[in-house]
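Next come two complexes built around chain A: one with chain B, the other with chain C.
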Partner chain A sequence: MEKIFIEPTKVTPLVNFDPNEGLLELKGRSSPENSIQFYAKIIEGLEEFINQGGDEFIANFAFEYFNTSSSKCLFDVFKRLSKIDASGKDLTINWYYEEDDDDMMEAGEDYSDLLGLDFNFMEIEED
Partner chain B sequence: MDYLRSYKNIYDQNIILLYKGELTFDLVTSMISTLEERLEELEENRRVKKKFYNVATECIQNLYYHLDEVNAEGTPISSYDSKSALVLIAARKRFYSLQTGNYVPSNKTKEIQKRLDDINSVDSDGLRAMYKEALNLQEFSDKGTGGLGFIDIARKTGGQKLRYKFQPVNENVTYFTLQVRLPRDLN
Partner chain C sequence: MKELYHDEVSNLDKFRKKIDSRTIFKEDLEFFSEQYEELIAQAKVITRVSDRLQKKLDTANTQIRDQNQEITDKNDELESAINQLVKAKVGKKASTILFIITIALLIFEEYFIDPLLDQFSGSDYISIGIKVATAIIAKLLEGKLEEYFLNREKDKIIRDDYGKIIVKENT
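What follows is the complex of A and B.
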């Protein structure tokens, strides 16, 4: 299983995906020109993890912003996480959002509700 | 010609961005960065700043994805103009106004209008339900857009109605203007 590491840009988040460690981290902003293309590798990697990965998986999301096209892609990411959960593996989802960012908190609640997944909601304090 | 007077018309209205022309993705990204820098100076409320970034990105990207749909043959509009966008963003006392204008095929106006009216007819809980439904059911278009843009904009502006106008140029082409208002008095 292949590791993915992508440095963040103005329009794409930091991606740290280590399937061998059972870890996925997405952090920053996501509004790329082609979201489907950007998220395809992550989704492929998660599919692989469902079949070949270890017993535990931790997913950390710390978005500052994502556009609606990324929102659809993230829904696809969560569908794969839901499969990991259903396969009996131990899944942890941490959803970080900046203090007072109700919009981002609600976005996490929406995914959690639509797919019946447990999220740990973590507020990040501003300095 | 009184250039100063025409410039003053622009300055007097607190316009923070005015653009007319074709859009590339890089240009869209630069416009959003410029807006973000301007907001650093203009706006103290962090939540408003963040919402502004959200809504401006969605509005301008949305526009970018839909500019190539018009065929202006047989109209008085040049082919450059037919694929051009108008973006006018102003800082008013009580709200930010984000206005966009673009040509759309006339046979699409009914569908767009219905979507906007549906969005305008519900409250914030209704918007949230509508967003979740679209997320769950709708497939991607070939451009990677998911039909969520307008709903998201309405959600993030706290139930402000989306103001719009359709002005037919001829039977094939219509000019579509959208105005989004983001209130500045969020607590």
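What follows is the complex of A and C.
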């Protein structure tokens, strides 16, 4: 299983996906020109983890902003995380949001409710 | 390259093919209804995210409008302050020039006109009259001189395309 590390840009988040450690981190802003292409490798990696990965998986999300097409791709990411959860692996999802950013917190709540996943909501100080 | 909703479109195509070939089983219908349910969930999440983005955009637009209004108000205040400053500056300049001219005229009158008046009329009233007339004319001229300097200063102040005040450098 291949590690993925992508430096953040103004329109793409930091991606740190280490399937061997069972860790996925997405942090920053997400409004790539082609969201499907950007998130494709992460989704493929998660599919692989479902079949071959370890017993534990931690996913950390700390978005400042994501656009509509990214929200669709994030839904696909959470769908895979839901499969990891359903496969009996120990799944932890941490959803970080900047203080006073209620919109971002509510976005996390939406994903959590709609996919039946447990999120740990963590408020962080603004940069 | 995959497009958004590639998987969903692909599942729909497969289902339609099954309808066409009349080989639909209960499992196919279950799978299709699951897919449909998931699409509804996606639509919900995406609509909420879009609504929030729209709200943020609206808030940002309102802030920009408020800031623009504030900039316009400040610009007006600045313009008014500059005008007052220019008026004070040119007023002082005009007063100084006329003060010097008046002094010069009074000295001239004292040393050149007064001896002539003493020689021909011997009355002090004409001399006083000339001095008073000089003072009155100087006062009247002060307004005109002030207006002249004010116009010159205004010519130095121009506005850019956005209505912002630009002060020309003295060359």
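In the analysis below, the second predicted complex is superposed on the first by the 126 of 127 C-alpha atoms of A that agree within 3 Å, B and C clash if a C-alpha of one lies under 4 Å from a C-alpha of the other, contacts with A are read in each partner's own complex, and residues count from 1 in each chain.
As a working rule, a contact is a pair of C-beta atoms (placed from the backbone, for glycine too) under 8 Å apart; a residue touches a chain by one contact, two chains touch by 3 or more.
No experiment lies behind these values; they were computed from the predicted model shown.
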Next item on the list: Could you say whether A:F75 touches chain B, chain C, both of them, or neither, answering first, second, both or neither?
Entry: both
Next item on the list: Have a look at where A:E106 lands relative to chain B and chain C in the superposition and call it first, second, both or neither.
Entry: both
Next item on the list: Using the touch definition from the top, say if A:E33 reaches chain B (first), chain C (second), both or neither.
Entry: first
Next item on the list: Please indicate which partner A:Q52 is in contact with in the superposed arrangement: first for chain B, second for chain C, both, or neither.
Entry: neither
Next item on the list: Could you look at A:N20 and tell me whether it touches chain B, chain C, both or neither (first, second, both, neither)?
Entry: neither
Next item on the list: Based on the superposed arrangement, let me know which partner A:N120 touches: chain B (first), chain C (second), both, or neither?
Entry: neither
Notebook entry, point to check: In the superposed arrangement, which partner chain does A:V11 touch: chain B (first), chain C (second), both, or neither?
Noted result: first
Note to self: Just to be sure I read the superposition right, which of the two partners does A:N67 touch: chain B = first, chain C = second, or both, or neither?
What the structure shows: both
Next item on the list: Take the contacts of chain A with chain B and those with chain C, and give the residues found in both.
Entry: 34-37, 67-69, 71-72, 75, 103, 106, 110, 114
Note to self: With touch defined as at the start, can you tell me which chain A residues reach chain B in the complex?
What the structure shows: 10-11, 31, 33-37, 65, 67-69, 71-72, 75, 98, 100-101, 103, 106, 110, 113-114, 126
Margin query: With touch defined as at the start, can you tell me which chain B residues reach chain A in the complex?
Written below: 25, 29, 33, 46-47, 50-51, 53-54, 57-58, 61, 128, 131-132, 135-136, 138, 140, 144-146, 148-149, 151-152, 155-156
Margin query: Considering only the defined contacts, which chain A positions touch chain C in the complex?
Written below: 34-37, 40, 66-69, 71-72, 75, 79, 103, 106-107, 110-111, 114-115
Check: In their shared complex, at which residues does chain C touch chain A?
Finding: 1-6, 38, 41-42, 44-46, 48-50, 52-53, 55-56
